[in-house]
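Alright, structures below, take your time with them.
Paired with chain B in one complex and with chain C in the other, chain A is shared by the two complexes that follow.
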Partner chain A sequence: MAHRRKSIEIQRVAAYATIAVALVVTLFPVYWIAANSFKYDIDIFSIPPQWIPANPTLKHYRAAFIERPFLIYALNSLIIAVSTTLVSVVFGSLAGYALARFQYPGRWRYQISFWILSTRMMPPIVTIIPLYIAFNHLGMLNTKPAVIIAYTAFNLPFATWMMKSYFQDLPVELEEAAMVDGDTRLGAFLHVALPLARPGLAATAIFCLIISWNEFLLALILTLTERSQTLPIGIAGRVTQYNTYWGEISAAGFTACIPIVIFAFVVQKHLVRGISFGAVKG
Partner chain B sequence: MTVSAGAKFGNSFERWLELHLRVLMLAPAMLVLLTLTIFPSIYMIVAAVTRISPNPDLPWQFAGADNFLRLLTDEQFHVGLWNTLLFTVFAVSTEFLLGLGLALLLDRYIRRLNFLKTVLMLPMMLPPVAVAITWKLIYEPQFGVLNEIMFRLGLPLQAWAGDVRLAMFSVIVADVWQWTPFMFLLMLAGLASLPDEPYEAAAIDGASAWRQFWDLTLPFLKPIIAIALLLRIMDALRLFDLVFILTGGGPADRTKTLSLYIYQVAYRFADPSYAAAISLFVLFMTVAFSTWFIKRMRLAD
Partner chain C sequence: MASVVFQHVVKKFGAFTAVSDLNLEVRDKKLLVLLGPSGCGKTTTMRMVAGLEEVTAGDIFIGSDRVNGVLPKYRDVAMVFQSYALYPHLSVADNIGYPLKIRKVPEDKRRRMIMEVARRVELDGLLDRLPKQLSGGQRQRVALARAIIRTPKVFLMDEPLSNLDAKLRVQMRAELKHLQHELQVTTIYVTHDQIEAMTLADRVAVMNKGVIEQLGTPREIYNDPRTLFVAGFIGSPPMNLIDGEVKDGVFTSPGGIRVDGLGSASVARAVLGVRPEDIHVIPAGGAKANIAAPIYSVELTGESTLVTVRAGAALLAVRADKNFAGDYDQIVQVGFSPERAFVFDRQSQERVDF
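Entry: the complex of A and B
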C-alpha cells in the first residue's frame, strides 16, 4: 500500500514538472520578444544573450511609434478589426439563426450550410489574386474598405457556423411562447433569441477580432501604402533585404501581442467556451 | 394578445418582412460570400486555361490545359508540394500528440488554477507575424538564444532556419509552438464533456488507467479529434506567414510551401495564369481531402 502511494506521488510530481516545462516553453518566446524590445541594439546582439535587459530603454518604441508610422498601422489594424467584427457578427447571426430555425425546401438547408463552410476551404492565396484585380479596377486598393470586405468574407463562414450552433442549442419553446404572445418571428429573434445567445455573440466577436487583428497575407497584397497598412505588415516590413531592425520589430511585435493577451484574460470564460463550442458542434 | 398581433400584421411592410424572413436573414451573408467566392472562382478557372499577357492591352489567349500540364514537369512545384505535405504531416501530428497529452495532464492534475489553461493557449492568439519574428530572433545563429543553450549544453551550434537540413524542422517547431495550444484547447473541451458513469463502472471492474484511456476516453473524443485534425490540416496546407518571414522559403527552397510558391509566381514572376492553375490544384487537393476525411470520420451525421 505504501509502495502504491509512493508511485502515485512520483506520477504527480512528474505531471507537475511536465506542466511547468510546458508553461516555460510557452511563455519564454513572448518574454524574449518583450525583453529585446527594451534593449539597446548592442545588448540585443550581445554574446552570451542578456537574459534580463541591463539598461532598459524605450528607444525602439520611440523609433517605431514616433519616427516611423507604427501608430498609423496600429490604428488601421484597430479600425479594420472592429469593422470586420461588427459586420461578420451581424450577418453571421442573421444567417446562423435562419439556418438554425427555418425550414427550406429539400436538402437546401444542409447544402447552404455546407457551402458556407466550404468557402473557407479555399486557401486565401486562391481568392486573393482575383480580389486584387477586382479592387484594382474599382480603385479600392490601399483602402480600408477593401481589406474589411475581404476579411468579412473570410470570417463570415466561421461566424455563421458558430452562431448557428448557439441558436440550435437554445430551447425553441421560448421563441414560440413570445410568438404566441403576439411577437413576430423577427421580434422573437431580436427580443428573445439574440439576448439569450449573448455568450455566443461574445465568443464569435472575440474570434473575428483576433483573426482580423492578426491577418497577414490579404493585407500584404491589398495594401501597399503606409497610410493603409496594418500592424503585421508594418512589422514584416522592417525585415528588409539589407537589414533586420530587431529592436523596432520586437517593440512593434510585442505591442501587437499586448491587446490580445489582455483581451484573452478578460474574456477567458467566453473564449474557452466559444472555441470549444463552435468546434465541437462543427 | 390578438389585438397587438393584428396591429403588427396590419403593417404591410412588416408582413412582407415576416413572410420572407428566412430568405432575408440569409441574404446578406450569402451575397457577401457569393460575390467574394463566385467571382474569384470564375476568374481562376478562366485564368488557368488562358495565357495572360503581361501587357494589359493584349487580349488573353486560350491555352487549354497547358498551365496544368506545366504542373507535371515544374520541379519547383514538386518541391513546394513535397514541402507542404512534409510540413503538414509532421507539424499536425506533433501538435495533436502534445495537445492531447497536455490536456490529459491538466484535466487530471490542475483543478483550480484555471488561468494556467489560458496561459497555455496564448501562442495561438498572437499575431503569426510576431510569432515568426520571435522565432527568427531565437534561431539567429550568432546571438540567438537557442545556440546559447546549445553551447551551454556542450552541443554543436547550428544555423537552424538557415541550415538546409534543419530549416524545415525549425519551421515545424515554431508552428508546433503556436498551434499545439489549439489542439490542447479542443481536447480539454472534449475531456470536460465526458460522462462519468462509464469510468465509474470501469473503476469497479478494475480497469487500468491505460485501458480506460484506450477503451473510453479515445472513442469519446473521436469526433472532436477528427474536427481538430481537419481544421489544422486545412490550415497547414496553406502555410504562408511563418515561412514568408522566417525563411522566405529558403535555404535552397527547403521550406518553400505551395502558398509561398503561388505568391512568387503571381507577384514576382507576374504569371497569374500559372498561379491560378497551381491554386486550383491546391483547392482541389484541400477539398478532396476534406470531403474524404469528413466521410471517413462520419462528421456529417
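Entry: the complex of A and C
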C-alpha cells in the first residue's frame, strides 16, 4: 500500500512539473514583452537582465499610441478581424449545414468537401501575386474590404469544415421533428440546429478571429498606409533601417494580445465544450 | 381526420429496395401497426407519410390529398420519434408548445393549451425543466404531448415505447391506447414488438423485406397466419415450426413427430406449425400422443409452465399447467389436435390449406 501511495505521489509531482515547464515556455515570452514595454530602452538590454522593470514608464505606449498611429492600426485590425469572422461563421455555418445534411448524388458530398478543403492546401504566399494583381485591377489595393475578402477566402473553408462536423454530430431527428412540427428546413436550422451548435460556433469564431487578428503576410502585400494597415504590419514597421524600437514593439505587441485574451475568456465555456464536443456523445 | 392510402409505393436507397409495391389503407380514426423485424421497411414507410423520405414511385394520400413532394409542414401529421427527439435547449413547456409557436398561435392561448395538454399527460409541475432533467418516462410524455397539442390528421409513432423499461412500457401502452381512442386520430404505429402490435392495433400489417406479408386484425394475424414468416414472428413464445414431410394428410418429422388428420395434403418439404398453448402434456397411458420426448427445460412463468421437450434435433415448446412438475430428461408424452396445426410449404413460404 505504502508503495502504491508513493508512486501516485511521484506521478502527481511529475504531472505538475510538466505543467510548470509548459507554462514557463508559453508564458515567459508574453511576460517578457509585457515587462519590456514598461522599461526604458537602456533597461531592455541590461545585463544581467532586468526581470522586473526597475523604473516603470509608459513612454513606449505614448510613443506607439499617441505619436504613432497604432490606435488606427488597432481599429483596422478590429474591423478586419470581426468582419472576416462574421462572414466566415455565417457562410461557414450555412455551407457546413448543407454538407452535413443534404443528399448528394454519388460521392459528391465528399468531392465538394474535399474541394473546399483543398483551397487550404497551398501555402498562402502562392496566392499573393494573383491577389495583388486582381485587387490592383479592381482598384482595391490598400483598402480594408480587400483584406477582409482575402482573409475570408482563407477562413471560410476552415469554418465550413468545423461547422460541418458539429452539425454531423447533432442527431438528425431533432430537425426532422421540427419539420414535422411545422418548420421549414431553414426554420429547423435556425431554431434547432444552430442553437445546439453554439459551442461549435464559438470555437469556429475564435479560431477565425485569432487567425485574422494575427495574419501578417497577406496584409503586408495588400496594404500600404494606415488607411488599411493592421497591427502586425504596424509592429513590424518599427523594425527600421536604422533602429529597432523594441519598446514600442513590446507595447503594441502586448496590447494586441489583450482583446483576444478577453474574447477567449468570454467564450471559454463554449470553447472547452466545443473542442471536446465530438468526443463525448450524449 | 383522414385516412392514409399507399398506392404502389416503392422506396429505393440506391440499389437497395426498402419498400416494394406497397398497397395499404389506414382507415380513418383507426390505429394501424406496422410490425416487422428491423430493416423490414416499416420505419421507411412511416417516414414517407411524414415527408421525411420521398417515394421513389407510387402515391401516398392523406385524406383526399396526394402528398408526394409536399413538405412535412404542410402534411399536418405529428410524429413521436423513437429517441423522442426533444429539443434539448428548450424547456418542457417550449418543447410541447413548439408546433404552436411555429404556427404563430398567440402567447396566452399557447400557454393555456400547453397547460391543458401537460395536465392530460401528467407533466404539470415539470414545465420549466429541461429534457435532460427528466426520466425516460417523462421524456416520452413530453414527446407525446408535443404530438397531441394540435390535432393533426395523422399520428405517426416510431417505436415510441422501446426505450422504456418493461414495467413503464406496459403502463404507457395502455395510456397510448386510451389516448388514441379518446382523440380519435388516425394513427400509424411502428414496432418490432409483437405484443405491442397485438394489444394496440385495430389492424396489423406484418412487414418483411419491404413487403406486407399479411394485413389483418390482431386476432386474424394470430389465429390465421398466411405465411411462415407471420407464423414465426407472432406469438410469445413463438409458434413451434417443425420441418418434415406431409404425405396424404400425414405429417412425419425426422425427430419422430407424427400427426394424422391433415386432410389429403401432400407437401414434400413441409413445415408444421403449432402454438405452445395448443400442445398438451398427456398423462402416461393417455391416448393420441404425437411424440414421447425428454424434457429439455421447465420454466414457470406464473400463470403457466413453459415446458420444452427435445424432438430429435428440434425443440418443442409446450404451454403446460402451472402445477406441472417434471425433471430434466424425464420422458413426457405431448400431443395436439390436428385442427390447431398449420402446414406451410418451405419452398413458397405460404400456408397450405387442408
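One rule holds in what follows: the second predicted complex is superposed on the first by the 254 of 282 C-alpha atoms of A that agree within 3 Å, B and C clash if a C-alpha of one lies under 4 Å from a C-alpha of the other, contacts with A are read in each partner's own complex, and residues count from 1 in each chain.
Convention: contacts are C-beta pairs under 8 Å (C-beta built on N, C-alpha and C of every residue); 3 or more make two chains touch, one makes a residue touch a chain.
Bear in mind that the values here come from a model prediction, so they are computed numbers and not experimental data.
Between chain B (first) and chain C (second), which does A:182 come into contact with in this model arrangement: first, second, both, or neither?
both
May I ask you to decide whether A:232 touches chain B, chain C, both, or neither, giving the answer as first, second, both or neither?
So A:232 only meets chain B here.
After lining up the shared chain so the two structures overlap, which partner does A:192 touch, if you call chain B first and chain C second: first, second, both or neither?
Second partner only.
With both structures superposed, pick whichever of chain B and chain C touches the larger number of chain A residues.
B
Touch test for A:173: chain B only (first), chain C only (second), both, or neither?
Second partner only.
Is A:242 in contact with chain B, with chain C, with both, or with neither (first, second, both, neither)?
Touch partners of A:242: none, neither chain B nor chain C.
Identify the overlap between the chain B-contacting and the chain C-contacting residues of chain A.
181-182, 184, 187
Using the touch rule from the top, collect the residues of chain A that touch chain C in their complex.
Per the stated touch rule, the residues are 171, 173-174, 176-184, 187, 192, 195-196.
Which positions of chain C touch chain A when the two form their complex?
The touching residues are 50-52, 71-73, 75, 77-79, 81, 83, 85, 87-89, 98-99, 102-103, 146, 156.
Where on chain A is chain B touching in the complex?
Touch list, chain A to chain B: 12, 15-16, 18-19, 22-23, 25-27, 29-30, 32-33, 36, 44-49, 90-92, 94-95, 97-99, 102-104, 112, 116, 118-127, 129-131, 133-134, 149-150, 152-153, 156-157, 160, 181-182, 184-187, 189, 210, 213-214, 216-217, 221, 231-232, 235-236, 239, 244, 246, 249-250, 253-254, 256-257, 260-261, 264-265, 268, 271-272, 275-277, 279-280, 282.
Taking the touch rule as given, give the residues of chain B at its contact with chain A in the complex, in rising order.
That would be residues 1-2, 4-5, 8-9, 14, 17-18, 21-22, 25-26, 28-30, 32-33, 36-37, 39-40, 43-44, 47, 102, 105-106, 108-110, 114-123, 125-131, 133-138, 142-145, 148, 151, 177, 181, 185-186, 188-190, 192-193, 223-224, 227-228, 231, 234, 237-238, 240-241, 244-245, 259, 262-263, 266-267, 272, 275-276, 279-280, 282-283, 286-287, 290, 299 of chain B.
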